[in-house]
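To start, the structure itself, in structure tokens.
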Amino acid sequence: MKIIRPTITIFGLLFLWGAITAITDLPRFILPSPILVLQALVTKADLIAGHAVITATEILLGFAAGLIFGMFSALMISAYQPVRQWVFPILIASQAVPVFAIAPILVLWLGYGIGPKIIVGALIIYFPVAVGFLDGLNRTDPAWTNLASLLQQRSDKSKMAKLYYIYRYIKIPFALPSLSSGIRVAAAVAPIGAIVGEWVGSSAGLGFLMLHANARIQTDLLFASLFVLTLMAISLYYLVDHVLRRLMPWQPDQKST
Amino acid sequence: MKIIRPTITIFGLLFLWGAITAITDLPRFILPSPILVLQALVTKADLIAGHAVITATEILLGFAAGLIFGMFSALMISAYQPVRQWVFPILIASQAVPVFAIAPILVLWLGYGIGPKIIVGALIIYFPVAVGFLDGLNRTDPAWTNLASLLQQRSDKSKMAKLYYIYRYIKIPFALPSLSSGIRVAAAVAPIGAIVGEWVGSSAGLGFLMLHANARIQTDLLFASLFVLTLMAISLYYLVDHVLRRLMPWQPDQKST
Amino acid sequence: ADKITVLLDWFVNPDHATLIVAQEKGYFKKHGLEVELIAPADPSDPPKLVAAGKADLAISYQPQLHLQVSEGLPLTRVGTLVATPLNSLVVLKDGPIKSLADLKGKKIGYSVSGVEDAMLKAMLEPNGVSLSDIELINVNFSLSPSLLSGQVDAVIGAFRNFELNQMDIEGYPGRAFFPEEEGVPAYDELIVIANNSKVSDPRYKTFMLALEEAVQYLVNHPDESWKLFIKKHKELDDELNKRAWADTLPRFALRPAALDTGRYVRFAKFMLDQGLIKTTVPVKDYAIALD
Amino acid sequence: MASDNTKNILPAKGSVVRAANQAIEPVGLDLKLTNLVFGEIQVLSDLRLSLKPGKVTCLLGPSGVGKSSILKIIAGFIPLPAGSLLTSNDNTPLSNRISFMDQKDLLLPWASVIENVVIGARLRGESPDFEQARAILTHVGLEDRETARPDTLSGGMRQRVALVRTLMDNCPIVLMDEPFSALDAITKFRLQGLAADLLREKTVLLITHDPMEALRLGDVIHVLSGSPVALSPEIVPEGKIPRDPADETLKHQYSEIMRQLALTESEVI
Amino acid sequence: MASDNTKNILPAKGSVVRAANQAIEPVGLDLKLTNLVFGEIQVLSDLRLSLKPGKVTCLLGPSGVGKSSILKIIAGFIPLPAGSLLTSNDNTPLSNRISFMDQKDLLLPWASVIENVVIGARLRGESPDFEQARAILTHVGLEDRETARPDTLSGGMRQRVALVRTLMDNCPIVLMDEPFSALDAITKFRLQGLAADLLREKTVLLITHDPMEALRLGDVIHVLSGSPVALSPEIVPEGKIPRDPADETLKHQYSEIMRQLALTESEVI
């Protein structure tokens, strides 16, 4: 059921695309018809698959890194208010600095391996995760945090340990829904990171393949790669969505995607 | 107070940056010293200002468009569940598409004006807003929606009108905190939208200027533009943050940024 | 006045001097043309847009034209801006690479244009280096930075009038290997292309006339031309562009409308041999001289 | 005293509404429940509850026995289990004639007290009757808190706001789940009087934990208890509502309620 | 009956804890409040409340008078207003000796009943005493709901879970805000017995709306009422806790409480 709908959607998408190419008569070298693209997909399956594996690795590693880093800094900022006042503007700035601008510099520092792609991906993913989590953490009902610190007071654990327990048992669970919105957004934008990374410097990957296809006007190959990339993005999104839902059975989100 | 801290942070940052350039003595084309950048900022103030105005316009228009479109589709999807299942994957797909693949299509349809830039910007802003809002709408406590529809039943208004009132008085206010997380993320990434948009053929804007500077190793100009862009991004973020806080005085977010 | 939109290949730079002079000096206007120059961000877009009828003319490169025509784009060359190759393979002057043979096992950066591997192959094979002996890395627009920072050992796609000066200014002078001296047939670097269906448009002929007047002014009055150039594009007023301007001067096509059919035949054959195109078509199908 | 006042708490417009309501015959209601199951928990089975038209039926029962669930079934929040039947005595659908006051106060955190009170009108796209809202707010002692946000109210104040919202709703059938549980004895006593007055001629199902409250307000009292859970026979106190529960004649019913309540409890603890 | 049982509801480990607690002298508490203001609302002024060591003090008062606020001040959730004083009779800080049960149940929506009950231990990084938790849960009739999530519980069940959580906390000072308000008469009666037993020797401040509850559980009863709001003199019922409120000897105190409560109300409505 859950699989069927997206599948139908994808076919609907293909149909829509076909309709656009048929109606608007956009030339083939700007938007090829889905049939041409499917052909390319089949005949160049090996080529695309090889590059796709590389990009998938970059996406997943970047996603993981951004997730960890984003959650970590939200925790830091929420637990130590000064950090927020001093560091938060930097984080916003880091977002505003377009990755396009820093990616070339990153590449000059780190070379053309997988490193810069993961960093660029992590940078993009970082912010929605951090903001979502932080907003969630800060919105914990004060009635609960009050009660929790009262319950803790007679513990002889260190301040750090107490803070840990408050986060572990109260704040983090309260923040999960908000964090999950952030992660969902991050999952959807994760592929951009890898693509940008490959765009500024690479010798493999779907972004690399697309650049080449674009330069050689092999628009069918370009869109076939795009299609695969998009499928990867959608899969990542739904995978993440599924995991998040299982983590939060108490959440009144009646609707299934 | 609110202004002082980020300002100090910024100067701290500048200092750090200066220290790095001084100590590591990285070549100018990798990381210019802040002094060089400041020089560029001053000597090329006119040039940068001219391009900055254009980019600011793009950012604001793209932000507005993405906001409206994102909120609108969250409402549609939440009100008509089938829309979600069918349309959502498309929206996710839209996030993964690299600009260079669709740039010719956009130009073909919209020309070289500000149009494509706004669309590309709006696309990037769109997603966090839509996901944040949608998650918020779907998380409305069922106890409340139940009660609300009971309260409505004796109204002789149309089904549409009733839906409108439920959203107007119950669901939207409940979703505001979650929407605001989304908008915050969107505000931070809005500049990326404009910059990427300027990739779709442009002869003006900070993105253009940066590309230009990058290709010509005018790293000082590149960083100066980057600095201005970053300032714009931070301002937008704090402006949005401020407005959102004023809209939701009941929200227990104890911490001020 | 008749409006003409011209898509540049890249941001305005000294390579476009002819166009800028024609614009600023009023040659277009004199011929009743109102020309709009638009810079794209991706050099591969303008040909597509002209092919799709979205713009009148585009500035592109001869090697790419062969590719585009082979992919079925309805494009025809109607003029030339720069009549020699600018492209070159650049290494650090003081670096370990003294000859092309030294590139074995090295990293070569390139900005994806679609033809770099063919050119490399032609340049390297006579020196005993095959494509599998080197690692090709897309460095996009960071050609000289990637070389200067040591991330790659050589770059191809660097323009001899530009990247070389750039490196020199940065204090890391470079050494260029010129494709046309290393087995690649000579070609026109910058050309003007139009849609097949509109080549007979009378405006294009006047356009070429204006270009011819411009190039003559350019070579006769290089200093005044430079002033015209930076008057419109203040951000280009620097050492690099000044030097590039000087180096580009001798390379402009003095007869922009004239066509050397032989060049196109030879280069098409080269492309065919390299496997970049599958068939050749008669030159007149994709390159003409407007008379 | 409170009951005397209520005569004039509804301004002209409000009275018209009430008059209109009184003109139509009060509606009776009959619930036949086969089986209510949540997951693996069997809550209720084979239960029949009738609400007499225009009468107040009170429902008591030990905590967790299923009282709120019955209310939610009637309100339509829990889907009617298969085989069950919910009918009105005039055989027209119930759906648009029910007011509901939940066990939780369900105040909108962002809205002021007065906006919370008139939310029904807002949701129906009607222009709210602020005059009536203010009149009832005054009667529950919240006249000076109109513009306060719910999070600045005490627990009992919140419950009073929820009560006013329900009373504003003015439907022929009113379902209330422990409407006075957060109030002190005296306030509770007065608001019971107010409610009795405003709910006259309506068909009311009132869940309460307080036998005194049932005796004061109920035309008919049922206790839901025992194992398996069953509805006690009707307990029908005499006298005009609101009664004085201290009345000696109610003693007997009081012990009967307590006896019924104790049916389950002794087994639980 | 309930009180008999409680002797063995605390397994070995639990008893040790209690024994330890009993060894230390129970702590008394003294609050001198100058002035409590929320925004423009003047809630309390010039108030002095003492909690006798090891005794149960009951606080009654009309809704919204400021009872919960007093509790929150003692718990430290509302900062002590300027000039006010909160002191313990042994002159050591109170902060680590207070248990608190809020008027809302404050259950963690994602945690099971048992995890909600042992959250105190979790937050202190101790290993939870599940045995004791289960024992008390059994006594409140929730032994079969250990793994249930709060949103599947009835209102009264939720309150019982919150009560168990508070009883698990085992601090010398216990503050409770209407701990039995959502329970039916019989369950309430039994749980009062249980609480009385488990809270013996502790210093308890119990807010309630039910004079009967105060009479059953309180060593000292105060009513907060009047205008300006003032604390009534101590009302000290006799007899061993838990008392039988039906006892004729408490009649007098009952009317006294009601009289005090009525002080404000007549002016409000």
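Order of writing sets the chain letters: A, B, C, D and E. Residues in each chain are counted from 1.
Methods note: contacts are C-beta pairs under 8 Å (C-beta built on N, C-alpha and C of every residue); 3 or more make two chains touch, one makes a residue touch a chain.
Only a predicted model underlies this, so the values are computations on that prediction, with no experimental measurement involved.
**Q** Check every other chain and keep only those touching both subunit B and subunit D; list them.
**A** Chains that touch both subunit B and subunit D, as defined above, do not exist here.
**Q** Determine the shortest chain-contact distance, in steps, between subunit C and subunit E.
**A** 2
**Q** What chain pair has the highest count of contacting C-beta pairs?
**A** Counting C-beta pairs in contact for each chain pair, the top pair is A-B.
**Q** Can you tell me which chain lies farthest from subunit E, using the average of the Cα atoms as each chain's centre?
**A** The chain lying farthest from subunit E is C.
**Q** Tell me the rotation angle, 0 to 180 degrees, that brings the C-alpha atoms of subunit A onto subunit B, to the nearest 5.
**A** My answer is 180 degrees for the C-alpha fit.
**Q** What whole-number Å value describes the gap between the mean CA coordinates of subunit B and subunit E?
**A** Once rounded, the distance between the two centres reads 50 Å.
**Q** Centroid of subunit C to centroid of subunit D, CA atoms only: how many Å?
**A** Result: the chain centres lie 84 Å from each other.
**Q** Please work out the Cα centroid separation of subunit A and subunit E, and write it as a whole number of Å.
**A** The answer is 49 Å.
**Q** Any chance you could list the residues of subunit E touching two or more other chains?
**A** As it turns out, subunit E has residues touching two or more other chains at 104.
**Q** Mind pulling the subunit C residues that touch 2 or more other chains?
**A** In subunit C, residues 42, 48, 52, 141-142, 145, 149 touch at least two other chains, as defined above.
**Q** Send over the residues of subunit B in touch with two or more other chains.
**A** 30, 100, 104, 108, 199, 214
**Q** What are all the touching pairs of chains?
**A** Pairwise, the chains that meet the contact rule are A-B, A-C, A-E, B-C, B-D, D-E.
**Q** If you look only at subunit C, which of its residues touch subunit B in the complex?
**A** Residues 7, 11-12, 38-42, 45, 48-49, 52, 54, 141-142, 144-145, 148-149, 166, 170, 234-235, 238, 240-241 of subunit C touch subunit B in their complex.
**Q** With touch defined as at the start, can you tell me which subunit E residues reach subunit D in the complex?
**A** It is residues 2, 5, 38-39, 60-64, 66-68, 103-104, 139, 141, 152-157, 159-160, 177-178, 181-188, 190, 209-211, 258, 261-262, 265, 268-269 of subunit E that touch subunit D.
**Q** Using the touch definition from the top, list the residues of subunit D that touch subunit B in their complex.
**A** 75-77, 95-100, 102, 104, 106, 108-111, 119-120, 122-126, 149, 151, 169, 171
**Q** Looking at the complex, which residues from subunit B come into contact with subunit D?
**A** The contact residues of subunit B facing subunit D are 143-144, 146-148, 150-155, 157, 161-162, 165-166, 168-170, 173, 176, 248-250.
**Q** Sort out for me which residues of subunit B touch subunit A in the complex.
**A** Answer in residue numbers: 5-6, 8-10, 12-13, 30-31, 78, 81, 84-93, 95-98, 100-101, 104-105, 108, 124, 127-128, 131-132, 135-136, 138-142, 177-178, 180-182, 184-185, 188-189, 191-192, 195-196, 199, 207, 210, 214, 222, 226, 229-230, 232-234, 237, 251-255, 257.
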